[in-house]
């Protein structure tokens, strides 16, 4: 068993990133070095006698377990952006807006040897995300509270990927173009067709190339005794527009 | 401009991973240090006077530009596996079978600080893949020619991810279970429903948990003067079954 | 306003097919000739003083308003069968099994100048369907309670369309072939892939031609102030296999 | 064997609606009473010695065999309109514009005891449709060449269904409202999202109720020795907006 792991007690969960020191919870203190000899499914006990079950962590836990104030981007969509742009794990990524931090956390997790800058205008969302990042033990996220368009004025032309999931994404498109290094990618996520179109057209105007727009639909196959059939949990989540500064 | 870049001359392309030394092609030798001062869209000239245009590289080039003898797994599907399993860039991955090497190359590219072991039974496919890997300059792929089930007998319980895209995937399922470290993932790709079902059921039998089966459908949005409409290039590619050793 | 119309009082509804005589309900008796001078949205009052609102009827009411004991086939699927087979409104149709009677009612409604024979094994379903047909005022449905395979032994080679939505549909396929007139169609509805495959293969064995298998997915477009997006109420309902006796 | 049947010689086909008299073709004259004793798959011979194979007719032949100058509406979409609106076979239908006549022919075929009025602005399309209708032997289609908005000024409030597949469909919406009888339906077919939205909004403004917008996606199931998989011939055809005058 290697970190990170998930400690679960009732409806509380904790992402643990180191197997030394202590984890302070309202259910008591857990000594983390005890985890070293444990296996998934085993338990540890806090000094108050409360049991915590040890579960493996996966990036999907960001989606499932983060406290959420906004609808997060789903793994299928994040995976597509990573695959489409050929993201390398030592990149500089701008994520605007942060929302609850799911996307930034995913990016930070894959981009383990790089950095993620995430910008959010609404302090109450930033606060939720900050707590999520802390709990997840992600060290390579730089969180900024402010208007992304204004904040980005201070950025240099050095980003490998800019990702937008924000209301005024159209306004952000030329800014993204400026701060992307050559051959960098802009990816924009949006649930609505009109705004997707506006982003698409703005990206072409501003100089992006290889601009594409699409959505991914996840269709599950259900195998039951009575037979096999397709079904969807969610059909449409959002459209992705992606383009390149070349 | 940073490596890797793509050099293109007519219908030939070359992935360049270092900006020093020489690139030997049948259209002449290119001095790679010349690339240092260039920009995307510029050209370099071989000693035979042939021009090569400089294009940015992306992982999607594995899919577009590799010589292919088999139908490769598409970026959407690879991205989903990366996102679903929370792949870290310093993992040990088994990819069976290699085919033309697109999936192994993708994994090696994301998993830059880890290793990919890829196994292929058919020597003629392995040869194509070997040439693709060489051209792509990927150093962290270990290629083995042989039957994956037999080859894996020599492997230890240390893989983070096993990916199968092979005929006898059902037979490989218990082997995958054995060589995965705790909390590791098996992901199986298959175009057909019957075999997807057989894999799904075998995974449950063998002890995998959180087993899910699904496909991803990419629906493009086409913005034209006359109006916007959805379309697909390819509807169905394959089903993915993914499960975890917990 | 022309018959049929729907009379609605609270959660009770009544399909009215004639504008003469009386409608006896547990909320009192309605004199139907009063409907002649009314408009949709107007009300009539029973002899007990209960109001009934007058609504237009559509075939979709079979789906929405019938008492249902089984999951009925949806309008999209029935429409496709009608369009694919080129159903004429003076045909002889066999519907097995009846279920709650939605499909039989739809067929009877379109096939106004023809006849529908519907067979159901389970008396409690047949009873529900009988009441639904009575309420809908459909005169061209012949209801038989019994095993469709056995019942069909008494049928002649004269059916234009046989429709199956029943457990042992595979067993019914050769029977359907025998009782179809030349160039008649068999359409089979089934939610599961394995059984759809078994039906498909049996239809080819038995001599059906132009055999096709498919499903229809209804994707809604939602127009809201905030933007337009696709969504589904239900993704998968069932597969249709259709073939012809030629 | 009953009429109509299809006579096929090489790449020429003829819809035959009566088994008496003669069919004059450029490959000679066929005596139609000869068909009475024939079976599907048999042949008849013209006075010039040319063979014509006898095939069953289906409404799908309108789609497959009509001479086409425009992209016709597909059976799945026509079937959905018939099912959704609960079309009765003795209705009065307006179809604008005619195009190649596939939709009008379908409507005329189902609506065997009613009438279809079809309007087309472009004489060259109307001419193709006229020939298609003649060949199909459909007697209950009234063809008008002219602008649908202007032509409809002469119509009374008596249509059960108005169907639009024309460029200026938005302009036609209030006209459709006026000429529909109470509880009648308007159905509009359009490939593009923007125009679908404009139609949807205009229909609400004009007073239509139960307005819905959707598309139907036909997903085929392919059963082959190697396995079963889904595929599409065509993914998106067009959106349907349907509403009711209540």
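Chains: A, B, C and D, in written order; residue numbering restarts at 1 for each.
Quick note on the criterion: a contact is a pair of C-beta atoms (placed from the backbone, for glycine too) under 8 Å apart; a residue touches a chain by one contact, two chains touch by 3 or more.
Note that the structure is a prediction, hence the values are computed from the model and not measured.
Undergrad: Provide the labels of all chains in contact with chain C and in contact with chain D.
TA: Touching chain C as well as chain D, we find no chain at all.
Undergrad: What is the distance, in whole Å, between the centres of chain B and chain C, each centre taken as the mean of its C-alpha atoms?
TA: Here chain B and chain C have centroids separated by 50 Å.
Undergrad: List, in ascending order, every residue of chain D touching at least 2 other chains.
TA: In chain D, 193, 219, 228, 230 touch at least two other chains.
Undergrad: Got a list of which chains touch which?
TA: Contacting pairs: A-B, A-C, B-D, C-D.
Undergrad: Under the stated contact criterion, what part of chain C meets chain A in this complex?
TA: Touching chain A from chain C are residues 191-195, 219, 226-232, 235-236.
Undergrad: Touching residues of chain C toward chain D in the complex: what are they?
TA: Contact set of chain C toward chain D: 1, 39-41, 55-61, 75-76, 78-90, 106, 109-113, 182-183, 193, 196-197, 200-201, 212-223, 228, 239, 244, 246.
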